[in-house]
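I've put the structures underneath this note.
In what follows, chain A forms one complex with chain B and a second complex with chain C.
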Partner chain A sequence: MLVKVMAFASFREILGRERELELKAGSTVGDLLDVLASTNRRFKEAAFEEPGQLREWVLLMINKKRIDPFQDLGAELHEGDEIAILPPVAGG
Partner chain B sequence: MRYSLPSPGADGRLIKITEEDFSLDEMVRAAKRNDAGAVVTFLGTVRDDGIVEMELEAYREAAQTMLEHIQEEAESRFNLKSVQIIHRIGLLSVGDNIVAIVCAAGHRDEAFQGCRYIIEELKSKVPIWKKEIGKDEERWV
Partner chain C sequence: MLNDLEKKRYSRQIRLFGEDGQAKLKKAGAFIAGAGGLGSVISIYMAAAGFGKIRIVDCDSVELSNLNRQVLHWSDDVGRSKARSAKDTLEGINPEIEVEALEETISKENIDQLLSGCSLIMDAMDNFSTRYILNKAALQKKIPLFHGAICGYQGQATTVIPGKTACLRCTFPRAPPVTTFPALGSTCGVIGSIQVTEAVKYVLGFGGLLENRLMLWDGLSCSMDEVACMRNPGCQDCSALIGDANYKQEMSK
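Right after this comes the complex of A and B.
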């Protein structure tokens, strides 16, 4: 299945603004992050405290809705989902 | 300087994430209502922390939706008569406008509280980021 990955601010500088990624059917949010980490060392170092453990400040959105990076990494993705990877917000 | 300000709807609502500058005066003029005795504004500007420029970036669609939710919540909590929020993105210089929030309400307490609520929610939740660009280094804040 094809999903869209978007990255912003410091993560955009590492991953690029937007890309499509082919994942196996049944892949989860955690699987997606593992794929990105295994193909991009800078992302791995920026986003993960240690293998499998995201840094606590990393924010994730699926289809523009926040998910809990600690509870919902097992959430299954679907064809066409838009996953956004964000550092802490700092507007205003 | 020319400003391009989209007109608020008949309900006085305006939410905009834009590369363009805005006029706070225009926003205040559009916020006024016969049933509103108070208009409170917040204007955020680029502070000189030894920077040359500031870059602002947004997850635009998500930020727009989130600002709409914050606006609706503020309207119902504080009985606001009109709310306008404009946040700029792109490359800004010291002194430039970043964000403006204009709240009209029947009385000042509601307008002050509503405006404060919106800026605090915006700063803590809305997906917008700032990068300080100095002479020798850049950093996301």
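Right after this comes the complex of A and C.
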């Protein structure tokens, strides 16, 4: 199945603005993040605390709905889903 | 309501929203949390636009490395308190308004007192732990919080209306780490200007606000995006202080 990944702020510099990814049927958000991390070292360093553990402040949305990076990584993705990933900025 | 000098000073705005609108701004009191990069832009445009009362709070002194973006403070101000420097600049821009500048660190203990008499909270902080204090205070007092943040070429903004929208904690449940962030003054210009435009529309009661919308600015590619925010039922801040049931009522109205 094909899903769309949209990155914002500093993640956009690493992943590009948006890309389509072919995933196995039944893949989860966690699987998608693993694919991104295993193919992009800079993303892995920026977004993950340690392998498999996303940094707690990373914002993730599926079809514009926010999901919790601690609880919802097992959520199943579907053909055509749009996943947004971004880090909040904090400066003033 | 407006004297002759004010009518002249604000004549280009009065073309936009009339003397009634200008009088509404004159009655509004804004609390600006921080006199740094965002606080500079926010306070300068709010003062110039004629918000009747501005209370700006910052505990730091002006450093040379602030001057690339903190346009409230000038070279001669290095070493002075930011609050005092801010007061001088803002009163120079508009002597018709009341400017209070306080040299304080915002805390859970003093936020109530700092906000007294203000009906708008402008977020010009550089860290999320203080932003969460502003968020709770906005919820408790049921007054809007205009959020903005920047890093380098990038920025974000959203408007929190207690009882109606997602709160700051719903959108950003956990704080990113505190770092010495790179900062470009013109990025503060973009985001701070959006925050002030939001506050103007809120006070005047028209236009579309950044309600449940997180606006993302990327100066590097010169593009603006937005992502939807949603209230988190059970959010530790807005559920506790306003209650999930009150939001449901609001939504079914």
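Basically, the second predicted complex is superposed on the first by the 88 of 92 C-alpha atoms of A that agree within 3 Å, B and C clash if a C-alpha of one lies under 4 Å from a C-alpha of the other, contacts with A are read in each partner's own complex, and residues count from 1 in each chain.
Here is the rule we go by: a residue touches a chain if its C-beta (ideal position, glycine included) is under 8 Å from a C-beta of that chain, and two chains touch if they have at least 3 such contacts.
Values in this document were obtained by computation on a predicted structure and should not be read as measured data.
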Partner, of chain C and chain B, that touches more residues belonging to chain A: C
Partner chain in contact with A:E56 - chain B first, chain C second, else both or neither: second
Touching partner for A:G74 - first (chain B), second (chain C), both, neither: neither
Footprint overlap on chain A, comparing chain B with chain C: 8-10, 12, 59, 61, 64, 84, 86-87, 89-92
Interfacial residue positions of chain C with respect to chain A in the complex: 34, 36-39, 123-128, 148-152, 154-156, 171-179, 181, 183, 188, 216, 218, 220-221, 223, 225, 227-230, 232
Chain A partner contacts - residues on chain B that touch it in the complex: 44, 56-59, 61-63, 65, 87, 98-99, 119, 122-131, 140-141
Residues of chain A that touch chain B when the two form their complex: 6, 8-10, 12, 59, 61, 64, 84, 86-87, 89-92
Chain C contact footprint on chain A (complex, rising order): 8-10, 12-13, 17, 56-57, 59, 61, 64-66, 68, 84, 86-92
